[in-house]
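One chain, subunit A, appears in both complexes that follow, with subunit B as partner in the first and subunit C in the second.
Let's turn to the complex of A and B:
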């Protein structure tokens, strides 16, 4: 049986000699240290024990040609006098030897052309390494914007009638800090006890809060952006979650102990940003669909109506329907301790919603809320999101999305 | 389940007065209602058997798909026909489904006259379409009248100002044939409102622990109605 040589499988673009425009400054600095594909495959035969045996001296799998190449060493190239213990975060040079990083890349089904050095950089929070060339702050800003863009376009195109409050809440539930931290823990991200140059680069690097310490001032609830916060102001001026105060800047978190949630969410955002830079938008969209949109979120649970009957009659008047009438569909045990009434709201001969309750008032209230939900949760059959047409020459597939005139205002 | 059954048995097991003991009435140790207790395990178990739903019993010998979902509230994601935009495809689908299902129901349903034992007074027409008969309304629907003119509104305001104790919102609403809400809108008396609310406050202060808790709990439950929880 003929054996295929592994080196022939490697694409030419992966070879370090190829004149490829570096996509990030980090990659430029590390351009020389990326081992060719065929050599990296050989590294599999090295066991963890073998690596540890050598102690501080790392195994060099690079070809002699690489070693002898005279280059301007990057600023953090380990010199004789800089020990890893004195560096704030692991040297990118060590990313290739990290088993955890390779495992993470394989677990996320990322292609081999996604460099491990970038993956290692996404794990460094500004609280561990304040140097913007080595932490994930810039990537995390890019990734955060991409995530909120894809989420909000999904929500707005698929549920064009959603009230703004629910859009904000749903965006936060999909890509909010807590959701991203949960995603990171589901991916199996572990945190380093203390960041430093000598720790494994596959661990999340951030400065931990000490027990009993309060969260830092930058993450605490601050004075809002503006005191008279209206819905319009939340849409125009605040972030994608409609939050009351601005998110902390990476500079304000430099060398400040932060909770794990903050570091984990910055990692997920940075990973999305770096995927966009290295692999392009189509793969990021697929990644987003499989890792974020696939999470179950019941939008019908996110409503909180205070005066549904009034809102519904206002809605029917606005849309030109007949005035809603509550009708008793069925009931049981009216004179008992636990009666159940089922009330439907009808407009003309059409039933708009149905609700069950222990009193006629409760059933009517719930039925009105169900009718309003049926209005707000309308979903067009075929919605095309704007990002699906990026770079497409053939625009015949594009269908204009529905834009609703807005929620009911009483 | 079992209690219902035994109660039914008690009611049916009333012993009729027998002729044998009719002449000589003797005091008996048996209770007047002689019932048979579920004394054995087998009888208890038998009571628990629930009749199978008709849709579970296959009508054909070959394997069939059984679809028998439990009764539940309709999903909020099913947009009713009225709420669909004009250009939505589902409008045509719903309309065609409704017409075909009604036509099939009319084709398959037989007139009640065909069944044996039907009284002759029964109409031979088929029952009306389901959409024609709506359930009874909770409150009789009414039309808004908008009948009060400026003169009458002035009169309402004058009466309310002159004697708020006599001309309450209820009396004014009855006199002018409008809602109490409308009276409150056009002729709100701040002093009377403050007085009434302070009275309510005083009577609320007399509530004991249990009543206050119960009212508080009821308010909290009412908030959950709008959250569908």
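Let's turn to the complex of A and C:
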């Protein structure tokens, strides 16, 4: 259990001695150059307290009244010099000497003003260091929210008719746990064999699972809270990927051995969060566009229709189109071993879609699926996303987005 | 449910948005006694700093191994590595080898197959189909 002393941070002049480690590396760096910095540290402590409420981890935050009592008992304050081997994660000052960290910063084309201490902090998973002032739990909550915000606004503005199931799957494909772990490995992140204060700070620090040990209960797939989980519940109450249960909070994984995938994804999220704090939203948006949206994802491959012909006729009835009719466009080798039929689906005189198959039925189904995809994957020209107007005074560039009434309900 | 989604993961296209150099680390091995390291030692003293400054995204490690030929090993993002023995080489040759390793792909050397180039992007003109268009009667 770690103790955080608010008083020693908020009023450094009154604090009797230095803490075991500087409480915020960036603020500590500022402390050496700029004298008044109290507001910064207090802001950090607000986030730290929020983390404490979130997770099940109990952190005692001493109030100033407590503090005056406890300063008298020297046994409670182990503030003597601690060797790196006894620290759970590397000292923030080690980060400036790390060549791995500066290489990583250059590899991701981040500006020099992004501090290496923060980059080092994003690499510390709560399983390695349970102290929320030194691990990446708070940053990864912020970064995870930013990633899901930018992804979902991109999907919803550019594909307004996309069914909710596909929106969930596409969000997971861009910023889901597996995608983030792959992104981290493509950035050249290596993991430390065992976390500790003496370890190179450029390595991912997390407590590894022992051989034969299953993944922790918090990360295991759980039975849903009730069996008929509705779409609304999945949109509102759980995560951005439409899971049945809410994911574990980062701080709840403190001191729990986790798989590397979990630690790697928390690093990517925390990096995005710390970029937002240090460099601002415009740079994060550019970073997101170049590192996440630039990845290839074919949305038309993500549809799995059960009954496309029925869905299509319901869609035509809903939208007031004429009832769809399947017509044979072309065929070859009807009596041979490999016949090919080309079937088009028409609504009145308009061709909605076309499909090829080895039987008339297959071709008709493929044509109906193609027609549905043509409807669902409609993409308005030059859509503007809400985040592009953040902080803009001139809002004439804003175009209201199209909102569709949703997928077909059969 | 009339419609369900197929889970996928978006695939990387290095260079489409951000470009990340595949080479992440280069180690240079030298010996301060043997003659085969003469060029390597000169390179380390005079030119390695410029290379490191030009390539901040590469982590550079230099280490001494006595009684051994000098060598350069490059480590890549996908976990592969390539090594070059640079014994008796002049600093200029070592520089070339270093550039070669920096610019190399981490994949194994293989013949470029004589296959047509495939693309994930949709063809602008569409693909010719024998089933569409004017019917030709023979």
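As a convention for this text, the second predicted complex is superposed on the first by the 326 of 410 C-alpha atoms of A that agree within 3 Å, B and C clash if a C-alpha of one lies under 4 Å from a C-alpha of the other, contacts with A are read in each partner's own complex, and residues count from 1 in each chain.
Note that contacts are C-beta pairs under 8 Å (C-beta built on N, C-alpha and C of every residue); 3 or more make two chains touch, one makes a residue touch a chain.
What you see is a predicted model, and the numbers here were worked out from it, not measured in a lab.
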| item | value |
| --- | --- |
| Partner chain(s) touched by A:374 [first = subunit B, second = subunit C, both, neither] | first |
| Subunit B versus subunit C as contact partner of A:303, first or second or both or neither | both |
| Subunit B versus subunit C as contact partner of A:325, first or second or both or neither | first |
| A:344 touches, of subunit B and subunit C: first, second, both or neither? | first |
| Which superposed partner A:172 touches (first subunit B, second subunit C, both, neither) | second |
| Which superposed partner A:187 touches (first subunit B, second subunit C, both, neither) | second |
| Which of subunit B and subunit C A:362 touches, first, second, both or neither | first |
| Which superposed partner A:352 touches (first subunit B, second subunit C, both, neither) | first |
| Overlapping contact positions on subunit A, where the subunit C interface meets the subunit B interface | 301, 303-306, 329, 356 |
| Subunit C residues touching subunit A - in the complex, by the definition given at the top | 1-14, 16-18, 20-21, 24-25, 56-61, 77, 120, 130-132 |
| Residues on subunit A engaged by subunit B in the complex (per definition of touch) | 300-301, 303-306, 308, 321, 323, 325-329, 343-344, 346-357, 360, 362, 364-366, 369-371, 373-375, 377-381, 402 |
| Subunit C-facing residues of subunit A, complex | 99-100, 102-103, 106-109, 163, 165-166, 168-170, 172-174, 176, 178-179, 182-183, 185-188, 289-298, 301-307, 310-311, 329-332, 340, 342, 356, 407-410 |
| List of subunit B residues in touch with subunit A within their complex | 73-85, 88-90, 131, 134-139, 141, 222, 225-228 |
